[in-house]
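Heads up, there are several structures right after this.
In the two complexes below, chain A is the common chain; its partner is chain B in one and chain C in the other.
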Partner chain A sequence: MLNGIFSVEFVNSILRATTPILFATMASSVAAKAGICNMALEGMMLLSALFGVLFSALGGGIFGAATGLSQFASFGVGFLLTVLVGGIIGMIFAFCILQMKADEILAAIALNLVASGGTIMLLMAVTGEKGASNAIASVAAPKVTIPLIESIPVLGKILSGQNLLTWLSLLSVVVMHLFLYKTPMGLKIRAVGENKDAAESVGISAKKVQYIALTISGMLASMGGFYLSGGYMNMFTRDMAAGRGYIALAASSMGADTPIGGFLVSILFGIAQAVANLMQLTTIPMQLIQMIPYLTTLIGLGVYSYVRMKRRKRLLQSE
Partner chain B sequence: MKIYSNGVVANEDVSLDLKKGEIHALLGENGAGKSTLMKVLFGIESPDQGKILLKGQETAIKSPQDAIAKGIGMVHQHFMLVPSLSVAENIILGVAPVKGIFIDKKRAVQEARDIAEKYNFHIDVTARVEEIPVGVKQKVEILKALYRGAEILILDEPTAVLTPQETGELFVQLKKLKENGHTVIFISHKLDEIKEICDRATIMRNGRSMGTYQVAGMSTDEMSRLMVGREVVLKFEKKPAERRQTLMQVRDLTVHNSQGVLKVDHLSFDVKGGEILGIAGVEGNGQSELVEVMTGLNQNYQGTVRVANTDIRKKSIKEIRNRSLAHIPEDRMKSGCAGTLNILENLFSNQYERKEFSGRMFLKSREMQKKAKEWIAQYRVKCSSYKQKVGMLSGGNIQKVIVAREFSTNPSIIIANQPTRGIDVGASELIRRRLLEFRDAGCAVILISADLNEVLSLSDRLAVMYKGQFAGIFTDAEQVAEDLLGQYMLGIKKDEKLEGAIYESCETL
Partner chain C sequence: MKKLIALLLAAVMTLSLAACGSGDEAKNSDDTKNADSSTEDSDQAQEPEDEGDNAEAEGDDASGEPYKAAFLVNGNLGDKSFYDSANEGLTRLKEDLGADAFDFKVEEMGGDPADEANWEPTLLDYCDTGEYDVIVIGTWQMYDALLSAYKMYPDQKFIFFDEPFDFEAEGNPDNIFNMMFKQNEVSYLVGAGAALMTTSSEIEGIDPANSIIGFLGGMDGVLINDFLVGYIQGAKDVNPDIQVAVAYVGDYIDSAKGKDLSLAQFQNGADVSFNVAGNAGLGLIEAASESGKYAFGVDSDQAALLPDYAASIPSSALKNIGNALYLAIQEDMAGTLAYGTTKSYGFAEGGVGLVMDAHYEEILPESIRTKLAELQESIVNGEIEVKSAYSMSTEEVAEVVNSVKIQ
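Presenting the complex of A and B:
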């Protein structure tokens, strides 16, 4: 067990577990900064996991799913289409809550339930199976091998050979940070999320800004979903999001909805997941082990609330 | 520049003209229509009739954005700032200078600094808004408007949240703005401030303008008379008060609001059964805070409040109400009723637990329906049935439902906070008569009202509240001249020694 923890494989397994949560955490951050709790992340991820398999199989059909360049091209088609659909789902969600004034939590629950049932129905319609997409020849995201670094001991095995999407998820942290804190649109998003009236009083359309934020949120969530069926695993299985959308909500909120903070907490959850994976080799009952990531979420949220409460108390006293 | 606006209720035949480079006061009591007029000017509301002329040309101001584009800026009473952003970011929000795809932060800070310097505002533009004091926040608001090219600046009660020092500083800056050719509309009901910095004043009362005057040639007395003058004298057949035992005792009550501002300042008074104590005053002088303590809504106070001989500290609202205290809250939509519930449900919200209406498990709906119908008839609530949602009724009828509910418990103490504000004459009349009936039956009534007519004609004793204290108290309310009352309300006059607030007989606390 300890040997397992101090191995290169374990670090890789952390990164593997972190990637989908990280995408979803960024998705949650951008929505939260715009003042919306995007609880629909779970459903968005699940839908994208299935679309990822379907679209990359489509890409495979066009380019052939061999190796090298054609693998990259078919993955590219699948990925881009999935992200596009993810953006559209985000927009539909935005339409429901901003235009139709549906309660954001209820709309999210509806979307999550539709995703859970809808993906199985769609899978059934396409493959005739209800559980998994074994029958579809989907194309997974390529791994990135870095020629020189590859040969460095330990570090080389970590830096090289990672899934392309893992790199992309790390990049998304930087991009989201720059976007939210350095661009005019980011400033608008933060202003709308914090004081809608103030933003509107200077002529910012809060609705438009929230539409944009939710579209971006949907796109990021779909990247996380794509990774689940095209990286973490090589197929779609029913309900494979497995609460990651909710974990991401917790991670984002614990990280004060900032990309950097969310990134750090995501890694924590990644570690919990990796430990759980590792412990499956022991004799401890499976059910207990599977609780670990969720238990970590619960404890994390508890700690977060406690710290925030203390901080607020101190602020009140200092006044 | 000339502005005419004409609405139905809030504003009627109001005209206001502004000259370039003047500080123009808009003077009036709360509810006189100042805010509505400003909302029209800032494009938040559109006038039903009348026109607005800007630099000699007729214009329509469609939205706040439109107003900003036309050079009108507004500083709201509640600041429109984003707390976690810096001062500079708040100033440039929505019109940020860019370099490539990113915000040009250096230029943003520089531009914010430039505009602050130009108007002599000494503020650190890199500080976060949540960390700066209220006075500075206001400066940021003004800068925000100036950065967007405002030539006309509307300040909605700018001094309400400021300390005297901050107020002084603001005045220096406003004068500077005036010298620079800006026009300032200064909304206030504080006469001394208007005397100090305004050139001309338009006085409003009941949604009408009472004329525009040169401030220099006018005394504060004249202003106050135009502002609060009484038009119609209400007449009620009133028996002399038969005072009974003391039911409400307040001693040395001091209340700070959540921002730590002193709102009620060592206030002491008594109210006996069978009399009406009127509390007059311009809104915001501590009346709401006083009521909150007396009704148990706010437990955070110093001093003692005794309701029917029981100290109410640490008593729940329910326990206080069970000592037969009734409360007609000032904000009927927020704390007076539940708008989405029906009339019956609202009528019983304070008494559904009473034995007559509630069994062990279920409410006795038949009894409740019977009573509800009875009360609806008694208070002449205009509705289709008791099943109608309260939120769908008119203001006057909502108030009748609340009053019916509060009076139906047969209270011995009634706290009526602005009971007839914004409702029609008929409903007001009904409520006032009921208050008198309760007084005659031995009930202690505390009537808080900004309506001079009302307090003068109903009260047996009358106190005027100013800055958390009683500025004056009159033991024979009917003999008070309204001019005099106005001077007390606006803080021109203040009695150093108060007589008649406390009854000698109950100094046993």
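Presenting the complex of A and C:
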């Protein structure tokens, strides 16, 4: 058990578990900052997981799926198309709740249900299978080996050989942080999320801003979905998002909907999951182990609420 | 406050979805399946028997109407396994006997949570028509529906498969035939095969130094544990020092988590594992393929279904529900089907089987194959009695699992 925790593989398994949640957490953050609770993340991820397989297979058809440059090109085509479709799904979701004034929670539930059934239907239409996409020769995201760093013991094995999307997910934290806090559009998004009417009174079109936020949210969620079927696994299996969209929603909330906060909580969830996986090798009863990720969430939420309550009290006192 | 409510809502949704998801999958995976390829051997074995029954069926025929069966699927056909196997058995029976002697109807009721509410009304509708000699349903999810149906329609006959029916608690109804499968028997063979493989020096990619094997289950329930208990017994019988890394995914859909759990097993010395986790089990197969190790398939001939990963799948454990239905309905036509009882279909009855085709011969050396064939023979003739989780308490199962845990 201890050997397991201090191994390179353990760090890798944390990163594997964190990557999809991290993307989705960023997706949730940007939507939440614009004042929308994007509960449709689960469905967006699931749809993108299937599209990722289909589009990267398409790319594979054009460039070939061999390793090296052609794999990169095939992956690139698949990834970009998937993110594009993810953005469109985000827009459709935005259209439903902003234009058609549907309740955002109900619209999200609808989208999640459509994704669950729709992916199976689409899979059936394309491959004739209902369970998994193994019949499609999809192209997974390449792993990034870094020449010199590779040879450093331990650290080299962690830094080099990671999936490209894992790096991208870490990068997305920085990008989202800069976007939300250092750009005019980020300011507008936050303003709309903080107080829609106030934002509109100074000439910001709240609807437009929320459209943009949800499109970005959809694109980020689709990256997480792509990773599920083209990085974590190498095929699509039905309902493979398995609740990660909801976990990301919780992670984002716990991180006060900030990219950095969400990142820290996602890592925490990733660690909890990886520890739980390793602990199944021990004699500790499985039921206790399976509690760990949820227990971590609960404790994290408790701590978060407590800190917030304290802060609010202090604020009240200072007034 | 608003955020907290949103959060709570999210948590509730996650939990409820997880619950639905697993329930949904349970029938797909647990209630295991079968591939056509494996049924061929047993088909041939049945031929003489069939002819005898044919004669009887034709005898019935003279009285007019064909024997009619309704198969209500609480899911969809096309799963390439469980339900398709049942459908295949019924189709084969119809072909063999002719449409004027036997006919059947399949009703796909859908397997989504939204469809569940329709299962019981559909079942009652079918009972109400009175047209069908027998109604075939299965899995634990249909249990409650059956409970109300058999009471309301005492003259309607039911075949209920893959979940034990508690005849005593229900006052011994005589219109239900309960069909069970001895997955523990085929699992015993898989366990023995895995244990023999992990110490073999003849198989590529296997480190014969340690004797560790793995097991990936879906949820910690009786059916999965029935597989597990047989698996461990088989492994222990051929190698008393065997250690088994047991992991449960917690659902039947999270293939990525299944892959992570399996990678942890392989990294800790396991060479061979066994997936009984529905779609989540595909994660094990990927993990085995990536690590250059081996994973036994379940439900259907997974080596045939997953050609890209076939090199890592020596064989698959099958539940031949189609075979069992084929036999049972013929017995019913002859009037000899023992309603009011539970019958378990094992190796001897062709209810379960291990895929032993050219692919299997390619991966496993002859010494192991011979041993497995011997073990199967011993199970069939009763020399080996495989323990079943259905007749064990939770503590006893835990004891078995702990006796082989990695120290």
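Points to keep in mind about this one:
Rule of thumb we're sticking to: the second predicted complex is superposed on the first by the 302 of 319 C-alpha atoms of A that agree within 3 Å, B and C clash if a C-alpha of one lies under 4 Å from a C-alpha of the other, contacts with A are read in each partner's own complex, and residues count from 1 in each chain.
Convention: contacts are C-beta pairs under 8 Å (C-beta built on N, C-alpha and C of every residue); 3 or more make two chains touch, one makes a residue touch a chain.
What you see is a predicted model; the values in this text were computed from it and never measured.
If you put the two complexes together on chain A, you find that chain B and chain C both fit without a clash.
Touch criterion met: A:235 reaches chain C, while chain B stays clear of it.
Superposition on the shared chain A places chain B and chain C such that, viewed from the Cα centre of chain A, they span 120 degrees in steps of 10.
Judged by the touch definition given at the top, the superposed model places A:249 against chain C, while chain B stays out of reach.
By the touch criterion stated above, A:151 is placed in contact with neither chain B nor chain C. Within the superposed three-chain model, A:201 lies in touch with chain B and out of touch with chain C [touch as defined at top]. In the superposition on chain A, A:105 makes contact with chain C only, not with chain B. With both complexes superposed, C is the one of chain B and chain C in contact with more chain A residues. Once both structures are overlaid on their shared chain A, chain B and chain C have a minimum Cα-Cα separation of 17 Å.
Across the complex, chain A meets chain C through its residues 4, 7, 9, 13, 16-17, 20, 37, 39, 42, 105, 113, 116-117, 124, 129-132, 134, 228, 232-235, 237-240, 242-243, 246-247, 249-250, 253-254, 273-274, 277-278, 280-283, 285-287, 290, 297, 301, 305. Residue ranges on chain B touching chain A, taken from their complex, read 64-65, 68, 74, 76, 79-85, 89-90, 93-96, 98, 101-103, 105, 144, 148, 260. Residues of chain A that touch chain B in their complex: 178, 182-184, 187-188, 190-191, 194-195, 197-204, 319. Interface residues of chain C facing chain A in the complex, by the touch rule stated above, are 3-4, 6-7, 9-11, 13-14, 17-18, 21, 25, 28, 76, 78-80, 112, 114, 220, 245-248, 250-251, 253-257, 259-261, 263-265, 267-268, 279-280, 282-283, 286, 305-306, 308-309, 398, 402, 405-406.
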